[in-house]
Amino acid sequence: MTLLILLGTSFLAAIILAFVGDRRYAAEINILGSTATFIAGVALAVHVYLDGPMIAGGKFFFVDAFSVYLTVLTAFVSMTTAIFSRRYMRREREHGRVGHWGMRFYHAMFQLFIFAMLLALLTNNVGVLWIAMELATLSTVLLVSLYRTPTAIEAAWKYFILCGVGIAQALFGTVLLYFAAEKVLGEGGEALLWTNLSQVSTQLEPTVLRLAFVFLMVGYGTKVGLVPLHNWLPDAHSEGPTPISAVLSGLLLNIALYALVRCKVLVDGSTGTNQAGNLMMGFGLLSILVAAFSLLRQKDIKRMFAYSSIEHMGIATFAFGLGGPIATFGALLHMLVHSLTKSSIFFTVGHASQMHETQEMEKIKGLIRGNPLVGWGLMLGVMAIVGMPPFGVFTSEFLILTATMKDAALLAPLLLLGLGVAFAALFRRVQPMVAGAIPLYQKPLKAAHIPVILHMVLVLIIGLYMPNFLSRWFHTAVELLK
Amino acid sequence: MNIIYPAAVEVLQFLILLFAAPVFVGWVRMLKCWFQGRTSAGLLQPHRDIMKLFYKDVVLAENASWIFRFTPYLVFGATAVAGGVIPILSVGLPLSATADIIALVALFTISRFFTALAGLDIGTAFGGMGSSREKTIASLAEPAMLMAIFTVSLVSQSTSLSQMVNVIAHGEFVLRPSLAFALLAFVLITLAETGRIPVDNPATHLELTMIHEAMILEYSGRHLALIEWAGMMKLFLFTALGIASFFPWGIAAAGDIAFLPVTTVLLLFKLILAGIGLVLIETGLAKMRLFRLTEFLGSAFLFATLGLLSYFILE
Amino acid sequence: MSTNIAAQMNSVLAALVLLTAFGLLVQRRVYGLLHLFAWQGLFLSISTAVVGFVSSQHHLYISSVLTLALKVIVLPYILHTLIIRLKIHKEVETVVNVPATMLIGIALVIFSYHLTAPIRDLSTLVTKSTIAVALATVMLGLLMMITRRHAVTQIIGFLAMENGLFFAATSATYGMPLVVELGVALDILIAAFIFGIFFFHIRETFDSLDVEQMAMLKEED
């Protein structure tokens, strides 16, 4: 029941918002819908926390510790993003960057996007997982091109084409998976259910699964933004409206990684080796290094943080590939803190670029004096994302690094190099933006402060003290992913 | 009996080739005239043309070497031998043991090579141009031709023409995509090899577009007659080869003399249809620009290779 | 209809699908592309029906009808309308180096054949030989999206790729479960509306549908 409310709310909200359109209270409905979704998500989480994994809707839905934590995260970040976008989008509307139809579209598609992500997390069917991923792509394509500038359209087209191609490879991988599963589980819908697959994973034909994983890796890897399949990501993040950048970075990448990790568990079970993990480690490490060095060259602020997202998804992918309890724990934690921190950074970045009416970092100056919340928010966000203590990212990166030293000591220097370069690149850039005098062209702005503060406080809490329920969740998830 | 009968069929086939090739060309021209609403000159006009040329004197350029004089005989001879190898009426002919299908392609290549040399020999601009174009086409068409042939050989597990025909004509009927691809490639290659539209226009002497005609521009009298005749035989032989490889049903088995009349009637019927097909292609298409020929022959190669691949993949 | 004949028919249809995939790769005219795409869908639909008949998997009939409706009627119709509305029906795209593209295409077919070898060995279905063709169709669609620079052409490449995936599902496993099949069809339909809107946006902003002009977003030094 909670499940239906959870999924139904966002779907219903999408339909309602499509009719409400550009009315004054559209943003409030958006917030209301997301909040309701969040509450349902928490209720579901409590349920799973107390009673363990649950299967519902004729085996159609399946929720375990891994998916429920991402569900709560998704619902939470989409709620805060909805709150942020109320002020942000109102200003965009006033400045004429978005029209009447644009607003209608924005709100409806935002909810549809959340629906697609939740469906991907909650479904038990690997095929439906694919469909939900595709739906998530499609619902955001037109949001990326919302501003209708040539660059925005180019970015959206790239996003559409590249992710379309990528996700098609994932479907081929899913077909192969079904082929292997059918041999063991028999024909029909049962053979694509995750709960069935994970039970018989040792009996699945390893040669087929190995091949399937290559396709799944390329497919979902494109959506995770792993190098060399990352080309769409910086463009889509920099040209779309900032709330969309926040949810793309903070949520969509996580969901894609979730899909990949689910498949990896099956493949590992079948092959009995860590081949899939090694592939993920390779892609992850490459992403970290390429993204870190790309960070150095960026001039556009949103583009820079997009590369930072690639880097962090690389870290999480690497850690999942490494396997083992510590690395997996670190990866789960990293997904959580990265998405909280990164969406908070995008909130402040969005306001900062609204204040200066540009996304060029050279022109953004004096943020702390101009608007302390935005300035300090950005400063602290960057400190958190580069992995400074006492923030949560430090904890997760520390765990991952420790596991790397233990299991793959030779790769540790490379990992450290990537982290170090990223640290330097981001810090070098953020300093001049937050400090200094207010430039003449800076305009005052009413910032949405609740989301930023909420996110940063959470990241800080996780960094200082890991709540009991969280670590128990993660431990259960680690067990699942073994 | 065992020796005399095949030899007799061989001779018969040879005579049919000599006589029927110009008639086939006449049939194609006649159809074309009808399609274009003109009155035709009749089925036997190519015969009359060749006869007329035999009566005329040969005019040789001063600097013509032996190659120039030798080429017509060689071309005619090579084509005629090829005619003895291809099973037109019956399989298991005496000459068919001398050459398999790869040697057959080589026979055509020799005659083409010497035609190109003869084109260069005189030293006129048109001859050289024609030769260079001819070689360009040949370099693209021959790989495709071999690929198409290999596909058929793969299906029949042999490169001997008689064996190939036997397998396809008498084996179990199977829908084979590989053969369909090979046929498609073969049709395209035939158009290129025999100088038909859209590759070359056999009816034109327009300076800039001609290919085959440019090479033989300097020939006259009986030399020209032989080359023209060989050209007609080539068209006939390619058609016969196509029929033998892809639609051999009704061909006489070795030593089956009673079946020969049936075979002949069937062959006539197939040739009439092939002529109609050829004319449909020729009237339906316009001549291609020379630079697009790579695409045309590239697709022939593509079809042939796809045929080869689909034999492995699908069969 | 015996299994043997059905398998042969399926092979022929697979060959035709492959042929149309190559045709799409080198076709220059927008309308030619559209027709080829519709034919490909038709062959696919017939093939699915044949497989459904042989294997008595009756849910494949639904897939077949779905393919017929979506890929032979609805999508070509939408594209046709778009082409008319955008007034690009006479546009001829420049395709560079057709022979090279064809050779790469052939290489991709061989690669697919090689890649699917383990599946072919394991499969017991009538359709096991067509899996390689299905993957090749996917790869050729991909190649088409890479080599062509027109927005409509890229979309047709995308849809052709989707055709290949559908074909793969039919030939490897007698089709995915129906709920997945329907979901994928729905996704494609949504995608169709999205690229429809997109064409107009691109046209408005860039004055043509040539994707070549979209090269503003690059890494600057």
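Letters A, B and C mark the chains as written, and numbering starts fresh at 1 in each.
Heads up, the rule we're going with is that a contact is a pair of C-beta atoms (placed from the backbone, for glycine too) under 8 Å apart; a residue touches a chain by one contact, two chains touch by 3 or more.
Note that this is a predicted model, so its numbers are computed, not measured.
**Q** Going by the average position of its CA atoms, which chain sits the greatest distance from chain B?
**A** Centroid comparison gives A as the farthest chain from chain B.
**Q** Find the two chains joined by the most C-beta pairs in contact, please.
**A** A-C
**Q** Using CA atom means as chain centres, which chain is nearest the centre of all the protein shown?
**A** Centroid comparison flags C as closest.
**Q** How far is the middle of chain B from the middle of chain C, if each middle is the mean of its Cα atoms, in Å?
**A** 38
**Q** Please compute the C-alpha centroid of chain A, do the same for chain B, then give the distance between them in whole Å.
**A** The computed centroid separation for chain A versus chain B comes out at 66 Å.
**Q** Can you check how far apart chain A and chain C are, centre to centre, with Cα atoms defining each centre and the answer in Å?
**A** A distance of 31 Å separates the two centres.
**Q** Inside the complex, what are the residues of chain C that reach chain A?
**A** 57, 115, 118-119, 122-123, 135, 138, 142, 145, 151, 154, 158, 161-162, 165, 168-169, 172-174, 176-180, 183-184, 186-187, 190-191, 194-195, 197-198, 201-202, 204-206, 211, 214-217, 219-221
**Q** Sort out for me which residues of chain C touch chain B in the complex.
**A** By the definition above, chain C touches chain B via 5, 8-9, 11-12, 14-16, 18-19, 22, 26, 98-99, 102, 105-106, 109-110, 113, 129-130, 132-133.
**Q** Could you please specify the touching residues of chain A with respect to chain C in the complex?
**A** For chain A paired with chain C, touching residues are 125, 127-128, 130-131, 134-135, 138, 141-142, 145, 148-151, 153-158, 160-161, 164-165, 168-169, 171-172, 174-176, 178-179, 182-183, 187-189, 191-192, 205, 207-208, 211, 235, 238-239, 294, 297, 299.
**Q** List the residues on chain B that touch chain C in their complex, please.
**A** My answer: residues 174-178, 180-181, 294-295, 298-299, 301-302, 305-306, 309-310, 312-315.
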